[in-house]
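Quick notes on the structure that follows.
By written order: A, B and C. Residues from 1 in each chain.
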Amino acid sequence: MALIEIQNLHHTYHAGTPEAVVALDGISLTIERGEFVAIVGGNGSGKSTLAKHLNALLLPTEGEVRVDGLDTREPASTWEVRQRVGMVFQNPDNQLVATVVEEDVAFGPENLGLPSREIVERVEESLRVVGMLDYRRHQPHLLSGGQKQRVAIAGILAMRPQCLVLDEATTMLDPLGQREVMETIHTLNREGVTVIHITHAMEEAAQCPRMIVLSSGRVAMDGLPVDVFSRADDLHRLRLVLPPIPALASQLRRDGLPVPERILDADDLASAIASLATERVGHGRVGNGAD
Amino acid sequence: MELTRYVTIGQYLPRESPIHRLDPRTKIAAVTMWTVAIFVVRDFSGYALLALVLGGVVVAAQISPGYLLRGLRPIVFLLLFTVVLNIFFSGLQGGTVLFRLGPLLATREAVLRALFIGCRLVGLVVVTSLLTFTTSPMELTDGIERSLRPFRRLGVPAHELAMMMTIALRFIPTLLEETEKIIKAQMARGAQFDQGNVLRRARALVPVLVPLFVSAFRRADELALAMLARCYRGGEHRTRMRELSFAPRDGIALAVATVASVVFALPYEVWGRLLH
Amino acid sequence: MALIECVDLTHVYLRGTPLEAVALRGVTLSIDAGTFVGLLGPTGSGKSTLIQHFNALLRPTSGTVHVAGIDLSQPRADVKTVRRQVGLVFQYPEHQLFEETVFDDVAYGPRNLGLATEEIQDRVQDALRLVGVDPDAFGRRSPFSLSGGEMRRVAIAGVLAMQPQVLVLDEPAAGLDPQGKQEILGQIRTLHRERGLTVILITHSMDEAAQLVDRIVVMNRGQVAMDGPVRGIFRRADELASIGLGVPAITDLMLRLRRRGVAVRPDVLSLEEARAAIWEAVRWN
């Protein structure tokens, strides 16, 4: 059984009123345990609405979402679903409850009704995993954005979830903060946590093994980032922009330079170009440019 | 940025001090007693004793006295206002005239009483600041929640009150920062907050207050969602990382606090009589 | 004299208290009319403190700031004139919207200037068009009913309606989706090119800086760490890295090629330039 199974999911806000807005329009998806999935899409594509279905913060208007076999519509399983799927939100300032880091991390386990000795252990372990143990007695509002998000992640980890959903959790961060969060979630994924990373940043999506593109509440593409990036025109139509390296690679290929397909990062493109250049040593100005 | 730096009231200063380690209920009880005592004190000797005791607490709590005094800054105006008002409009008849300011007369008695009231205000602020400096809001609200628990049967929503307080304290710095940002942004669009009559000044605040409320509501929405996502469902089922426990040191602290409050509440003459 | 000129500008928050914090130390910088300057630096490097001096929201602790010839280190300086000439767009400016209609919100600045009704009308319409918002379709709508990107643009129009000579923007594209970003940045470029506005852009994105600006000023720990034409700055990749900043993805590719012995120009800024440089390097003869 897959960890998350979504079938024909529809969601309409203000259903049955004149202001009804269709946000999700028939989504079917399966996410296996241990996967690392990026979900991208322009504003209004339904990314956040989808995310909130994964832990029963929103319920389907039609269709169903199952988490670890539990139907999210079942009121009895709401809390089990939320314990299994933790969520980190966009604004680091609006999700920390307590005024001391460790007390905030304890908030989730306290809600689960765990004995205090176990809470203490989990808090310590979670803060260590995200590299914030030294800040346990600090006040969250004095931390940097990236540090706040890592505390928020620790707060989720302390609930021992199977899946971590980041709903644009890097959008408001500076490059350093983005890097901190990305490194943290990569580490968690290696340790077996399923990660679903919702983002605008195509460079971040390129780091994930699987990429789902949403558009107007539907799944427009689903596959390896290299495959998604090979469809530049479709991406543009979906209000998304190809990252510079794949964009340059496909431009060079269109120009007739035999650069291999499926290039994502600068290093691969550089070696491809370098080997093309060395084949022509003696003809061009190659080989004397090192500094 | 600057606003948050100026306001120290209600902040918590994490330290590993014996005062920080006390049970919040002990501290709440001590502060309550001292507050009562501050109102009962009849002469300066009481305040001198209080200052001595508070000084000891400040040292034990590892708080810099400078930081503590900065907490008084926002009330300096209120303090001066109260003192001046009490000097000139004391309602005290007669007494030794010290000086005259036009039709206003300052007597020795009135000045002393005004200073006395000033001390009272400072004492209250310092005592409450000490509580918030040494007790994390979570502990504070825990303490209040536990203390209110007996009244739950009377319909007092102990947990909800406590949670509201925690969140309010958590968001004070965030909202101050936001206020400052909005004020500056509107100033950059030519807003002036210090011109015209009262009505005009009040109207000038609309461009600040509306965005502030909008943002506070948005934050409230998002926070509520984040809390739900972390399985929050009210006070039932909830356990705590640090269960409050009344240790022997709390007993000692409470005894000391009680004795101290009685000592500085008793007027000087009573001490005089007792000692002879 | 340059349009904006800082000499030995130092700003200390809460001087003489235990919480004293030096945000700027001895910044000397001049910005000429008509230029497009990128202001970069890690969080906490003093960028925000610096730009707030440009329209007198903050005053120097020591040193001087002259804007359009007005000495802002004088307490009685003509702040009103300076604020009219320097428009400041803060981060997430849509959080300052407050009026009932888009029109009224954009008109807030011009009304504060005490302009005539017709002039206000013209300015609001002009400002909304500049950011690609149709005044007829959107003017009467509530700003709170707009999408995030539309709100952002209306908020920027609110500053443009003051008709400043200098536009200072603190991460105007933050939090928008890729196309929303491109739209806003494109409009800013147009303002610079067609209206001749002097633009100072704070950004964390090297790619944005490469696309837009002529000159880069890098701040670090309250000081100007690097200052020069954009190509020159990106040649100094190691120095940038030591401050915790990178180079644009395309520049990074060129540096990697050079390390592999391919003789490409290192200072390319755009995809087009990279394409040309790579062709030149691999071409026969």
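Rule of thumb we're sticking to: a residue touches a chain if its C-beta (ideal position, glycine included) is under 8 Å from a C-beta of that chain, and two chains touch if they have at least 3 such contacts.
Just so it is clear, the structure is predicted and the values come from calculations on it, not from any experiment.
Student: Chains shared as neighbours by subunit A and subunit B?
Tutor: Chains that touch both subunit A and subunit B, as defined above, are C.
Student: Tally the contacting C-beta pairs at the B-C interface and at the A-C interface, and name the larger one.
Tutor: Result: the pair with more contacts is A-C.
Student: Could you grab the centroid distance between subunit A and subunit B? Build each centroid from C-alpha atoms only and quote it in angstrom.
Tutor: Measuring from centre to centre gives 43 Å for this pair.
Student: Return the distance between the CA-based centres of subunit B and subunit C, expressed in whole Å.
Tutor: 42
Student: Centre to centre, by mean C-alpha position, how many angstrom separate subunit A and subunit C?
Tutor: 29
Student: Can you list the subunit A residues in contact with two or more other chains?
Tutor: Residue numbers touching two or more other chains: none in subunit A.
Student: Going by the contact rule set out above, which residues of subunit A touch subunit C in the complex?
Tutor: Contact set of subunit A toward subunit C: 42-44, 90, 144-145, 171-172, 174-177, 200, 202-203, 239-241, 243-245, 247-248, 251-252, 255, 257, 266-267, 269-271, 273-274, 276-278, 280, 283-291.
Student: Considering only the defined contacts, which subunit C positions touch subunit A in the complex?
Tutor: Spelled out, the residues of subunit C in touch with subunit A are 42-44, 147-149, 174-180, 182, 204-205, 207, 244-246, 248-250, 252-253, 256-264, 266, 271, 274-275, 278-279, 281-285.
Student: Quick check on the complex: what are the subunit B residues that touch subunit A?
Tutor: Residues of subunit B touching subunit A: 12, 14, 136-138, 166-167, 169-170, 173-174, 218-219, 222-223, 225-233, 237-243.
Student: Can you tell me which positions in subunit A touch subunit B when the two form their complex?
Tutor: Going by the criterion above, the answer is residues 52, 55, 57, 79, 82-83, 86-87, 89, 91, 93-100, 102-103, 106-116, 119-120, 123, 137-141, 155-156, 159.
Student: So in the complex, the part of subunit C that touches subunit B is made up of which residues?
Tutor: 13-14, 17-19, 21, 52, 55, 57, 80, 83-84, 87-88, 90, 93, 95-98, 108-109, 112-113, 144, 158-159, 162
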